[in-house]
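Worksheet: one structure, shown below.
For clarity, chains are labelled A, B, C and D in written order, and residue numbers in each chain start from 1.
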Amino acid sequence: MPIDLAPDPAVADLAARTAAFVREAVVPVEVAHDGVVPSEAVRAELQAGAREAGVFAPHVSAEFGGHGLDMVGRAAVFEEAGYSLLGPLALNIAAPDEGNMHLLEAVATADQKQRYLAPLAAGDVRSCFAMTEPAPGAGSDPDALTTRAVRVAGGWRIDGRKWFITGADGAGFAICMARTAGEPGERGGATMFLVDADNPGMHVGRHIPTLDESLYGGHLEMEFADCVVPDEAVLGEVDLGYRYAQVRLGPARMTHCMRWLGIARRAQDIAVARAAGRRVFGSRLADLGMAQQMIADNEIDIAAARGLILQACWELDQGRSGSQSVSIAKTFTAEAVWRVVDRSLQLCGSLGVSGDILLGRFLREVRPFRIYDGPSETHRWSIARRVVGRHTAPAPAPVPA
Amino acid sequence: MPIDLAPDPAVADLAARTAAFVREAVVPVEVAHDGVVPSEAVRAELQAGAREAGVFAPHVSAEFGGHGLDMVGRAAVFEEAGYSLLGPLALNIAAPDEGNMHLLEAVATADQKQRYLAPLAAGDVRSCFAMTEPAPGAGSDPDALTTRAVRVAGGWRIDGRKWFITGADGAGFAICMARTAGEPGERGGATMFLVDADNPGMHVGRHIPTLDESLYGGHLEMEFADCVVPDEAVLGEVDLGYRYAQVRLGPARMTHCMRWLGIARRAQDIAVARAAGRRVFGSRLADLGMAQQMIADNEIDIAAARGLILQACWELDQGRSGSQSVSIAKTFTAEAVWRVVDRSLQLCGSLGVSGDILLGRFLREVRPFRIYDGPSETHRWSIARRVVGRHTAPAPAPVPA
Amino acid sequence: MPIDLAPDPAVADLAARTAAFVREAVVPVEVAHDGVVPSEAVRAELQAGAREAGVFAPHVSAEFGGHGLDMVGRAAVFEEAGYSLLGPLALNIAAPDEGNMHLLEAVATADQKQRYLAPLAAGDVRSCFAMTEPAPGAGSDPDALTTRAVRVAGGWRIDGRKWFITGADGAGFAICMARTAGEPGERGGATMFLVDADNPGMHVGRHIPTLDESLYGGHLEMEFADCVVPDEAVLGEVDLGYRYAQVRLGPARMTHCMRWLGIARRAQDIAVARAAGRRVFGSRLADLGMAQQMIADNEIDIAAARGLILQACWELDQGRSGSQSVSIAKTFTAEAVWRVVDRSLQLCGSLGVSGDILLGRFLREVRPFRIYDGPSETHRWSIARRVVGRHTAPAPAPVPA
Amino acid sequence: MPIDLAPDPAVADLAARTAAFVREAVVPVEVAHDGVVPSEAVRAELQAGAREAGVFAPHVSAEFGGHGLDMVGRAAVFEEAGYSLLGPLALNIAAPDEGNMHLLEAVATADQKQRYLAPLAAGDVRSCFAMTEPAPGAGSDPDALTTRAVRVAGGWRIDGRKWFITGADGAGFAICMARTAGEPGERGGATMFLVDADNPGMHVGRHIPTLDESLYGGHLEMEFADCVVPDEAVLGEVDLGYRYAQVRLGPARMTHCMRWLGIARRAQDIAVARAAGRRVFGSRLADLGMAQQMIADNEIDIAAARGLILQACWELDQGRSGSQSVSIAKTFTAEAVWRVVDRSLQLCGSLGVSGDILLGRFLREVRPFRIYDGPSETHRWSIARRVVGRHTAPAPAPVPA
């Protein structure tokens, strides 16, 4: 059976309906609010629209109301959702909820699924993933984890500070990563805990102001202080938190890429429409070579990113670790999307930097993706180490003189 | 007399005092307000400080209270002022006032100088330069000018719409470029007019929301409608507006470069301090090769930009047009500053995209400079045309077979 | 049926055997001769080896002794063959023969296939494709074709000069593109002719010295002067030459990409082996961040190119024109391969520029691919035009003020 | 006394005469021989021409027949000489002789000057600088020096292998760097020795084949075996070899830059002439945007490199170490020249990769400069370390929450 790049018809149909829904129902809301969801009411309205359009929560299994898309299927649908900054929220596939649903489906017990996944998949609550910490804690180096959980009668007590916890404002629960063994800097020894928002030991702190502003629920500081949780709050097994983090992170990196690829296409569409309609120096902008070069480079970047995402997703669907392909796809896509938005803005000139079109907003939103979920430098380091690890033979002998 | 790159001692002293003033008195204000001047009171306070420090309005002639710096001298001082986003405003060398002072000193009559330049140099009023227009009017292509001025008894009547007029909110007067001959798309035929803010025919419209926010007085839409001005409002001679625009634009492009070069250095300082103080994966960040590469590339970009600015400024001081060197310096500097800020932000990771340090702000502020004052593409087009114009000989004959 | 990226087992097996054959039997010959086949005897020996290994002419149908690989199958096998500069010649899939076989299978009559394709597929003769002309003739702009064919009794008379005809030295026949209608600069009107090497009107001129030297049979000047051919020499139909050129060019561009991707992987392997074995400044070179960055960027470039090639090949296999995907893949791959070889050479330092390893040779060989088969600029122009052509709607309306 | 960028009139005159001489007398020889001096006779002829034109050995003091140019003066003249690959040899300012003359003037005794410098400056002999060694010896890391010199009666005995010794074939003497104290990997402990070509202990080995071929006298392997030299062979003081190497290396890096900048200008001139004379797709190539972008980027790169070279040279002339500015200028120029030649070749299409014009030759010649005299990565590492060393303060305090 040969290689086949034709999408499954059901997936193609879902992607097409997603595309139509986003253009018709989401983009106008996005334009009206500069890409930032203004209120819970607007979120609810967008999600109601997605439900009605039959495109809601497509990644979740049918049991929890979704379409059960595998990663390759998500690649097609999420890209369409990502065509608007608000599309992922509308479909309930925005970070961090989407990654948390993925994790819960893979790791949670039946009870935990009923209690946490079901309302999350339904859009009734939101969630956050409390892993990163202020320096010198866990950041691009997860082994630096300092938040600790120690056993107490009937459960655990968690203490530590978290930083840059996306979506924490308004989240119904947090998945908190805490060290249950070892010392900061050592591999392993982390455990994941499900912590309810009303736990008196979990404190949501200030919103960290950031260049990006469209992720609903913000990026927050959190503190766990004498935060006691029962044994049933442990997600998966004790001390295996890093393994589950990988379950979440690889796919979550890819779904980020899918969504941002949608924004890249949107930026390109805006710029091309502008270039086709604008005359300058006696020519149509779209007929000037330097503009054509930017348009072509955008198209190349988008196509290359899509190919890399597909490869990584297919490997994940095959049950492989896919870590090399994920790192490659994440690094390339984050930088490609950035270049596409930057060129698109440049093509639009002063209009591009104005708030009258969304390119300045997009630029702000995509920039952090070169840092979030592993900075490009960390991924490059991992990529190189894996490559070098595969090579142990000495250099080929030189030609004899 | 050989080439000498040692700065004039008086200029060096002024630059050093500017550097000290900016670090001590301006940076704290900038940090407290995320780089955006919040009120007229703060502006007044900053300028009072600069006056006291003896660094106010250094580019203006002594007659109007300044130090009479030539372009090469400005390069040294403005870069130091630009180390903070608010430094230029403090020294009264921010765009567009600085360029307008330059233009008025070069072109205005004695009466006009007294009436417009003197209070502007003193910081008592601000001004704007009303040239660019909404598409399809004058933008990167100035010949597309559509605003018209027609002779009326004792003066002129101006009609037209302007767009992206920096500093217009609160400006005491505008220098308005209007077509007095020819049709849109034709070379020449423009005239500059001094229009007081209380002229009932000059209307300041909405603030255009933009990615950048630190230019005091915003970017605005303006309308001239039945705007009648007297003959004395003509700046220079009728129909020679484009020639005067060149008087203003070349130097103004260079002073932009100087100021933004200051921000590039600031970004590098922030990033290097961070890299020197942060440990990751068991190493100091500043000792990791990819970080070192970013730091080195920043240093190279800054040094190269400075050299190109110096060359262009020296040519302008020699009375040459300097247009090729100005285009080269402007294009390179705008892109180099952008790269430096982008790398610096990347070096700082999540902190870099947070509002807790100013790099995200800087990124927003410098991005438009690749578009303002001539997009890079327009300058490249000009550069190439001049190069090709110098070559008329056919390609060298190939080697005989 | 979902997307599947797993290669057909038979193709995977052929690719693996090709990889083994190239490493064992071809690379030593390549190293001994600096990548340039020195004689017909060596060519014959390499091809005998490939026949014996069961990997010869894999793209040709079984009828003519091959494996009948589709484009997706070629992608896997040709990349392995391209791991050595001499691999493609060994497998009889080198340019221009491979593209000519493809064209003949698609267009030739049964008689023409017997006479031209059969010996070509067997490696008994070589061929060339005589299309490009000295300026101002057909080059990156095929419409500029000046060589003419006019009807004479029982056939055609061809007159014109050709330039940069790869493989012409020693070719048993040429496929010559000549204008049979219209004037230079007009679309269409070309016809393809099969011209035997012993035709007294076909003259093979000088070898053009070039940066690359590994394409067997060189790049030559040719002249057609009173070159009379019979009606049976027409390949396909009269005046449809451009259509057939497309049949040849799209796939030929992709097979170029596949082969050069093999060289990129080889360069990376050489560099990584070197980096893993070399110590400098107290560290292993492979552990230094700047080296890791180059290694990672190579890996990303290779993966992205492979994905784009696969996409284009799959479209071609589906019977689509694939022209946009082909242009994207060709442009990206040509530049990516260049970057990979350049970085690999840099990683090897002085050894890299020495002839003691093959990286300098590779650099010379891959550089022209950014020009051959359509310069990157021409492809970008095409890519942009197709994108702009799809957009006719005006820019999205700005946010109301 | 303000900054002045106007060249000294005498230097400007010498530069202009050099430019004329190179275009008239050197370029035709270069074109006839593909940039590679074919024989001693041609070298002698070229140098005779330069002497007659009054432009010979301009960097040497008048005492030794030159013009005594300082580094800033060399920048102007050497760039003009470098307009042809053979210009530097004609003027007797090619590597490594030029650097050796510089070193000898600075360090040699009067007797050594008479014996070695005088004939070298006159072009009567050539020389080489025997420092680099095969891995794991001295390469980009000079501390790895393994060649040893030990005291014997009345002098020293040198033993060790050298690699990539430029100009060694035919050199009248070598300046050999050998360890007189410490162990490989330790700082310092090296001494320079003047070794005559007829010393029976000095053996010139094979020519290392390299991508570049225009440096007269090749790149060779050498061996010192029981090579006994008298005390008078010590250049400068014992154990201070690294200090003298710095005397030589900084200026030598800059003169390399100057010469290669000349080639960059030449490449641009060839490409622009071609673009101005070639029509494609109905336009003049020089009027197409993508071509204009390449031409403009070339111009920017050339101007920026020139500014950086000037800065570093001026610092060296002031007696400063200039090491940061030298590293910056060397790194930028090596990469800029490469980009310029690459773009110029691209602009010329297939003609560019042919040997009918010299761009393919230039590409081969300039590529190694990103490695020779310190790879870009080593310089970036040095640049970053100096920058970080200047910063010890912690990151600026964040805005209070």
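In this text, a residue touches a chain if its C-beta (ideal position, glycine included) is under 8 Å from a C-beta of that chain, and two chains touch if they have at least 3 such contacts.
In UniProt terms the chains read A, B, C, D = Acyl-CoA dehydrogenase family protein.
None of these values were measured; they are calculated from a predicted model.
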- Contact-pair count is greater, between A-C and B-C, for A-C
- Using each chain's Cα centroid, which is most distant from the centroid of subunit D? A
- Between subunit B and subunit C, tell me the centre distance in angstrom, where each centre is the average of that chain's C-alpha atoms. 50
- Item | CA centroid of subunit A to CA centroid of subunit C, Å | 39
- Message: Can you pull out the residues of subunit B that are in contact with at least two other chains?
- Response: 288-293, 351, 355-356, 377, 380-381
- Message: List the residues on subunit D that touch subunit B in their complex, please.
- Response: 1-8, 11, 31-32, 34, 70, 72-73, 268-270, 272-278, 286, 289, 291-293, 295-297, 299-300, 303-304, 306-308, 310-311, 314, 318, 324-325, 328, 331-332, 351, 354-357, 377, 379-381, 383-385, 387-388, 391-396, 398-399
- Message: Which residues of subunit D touch subunit A once you look at their complex with the stated criterion?
- Response: 206, 288-293, 401
- What residues of subunit C sit close enough to touch subunit D in their complex? 132, 135-136, 139-141, 144, 163-164, 185, 208-212, 219, 278-282, 288, 290-291, 345-346, 349-356, 360, 363-364, 367-368, 370-372, 375-377, 380-381
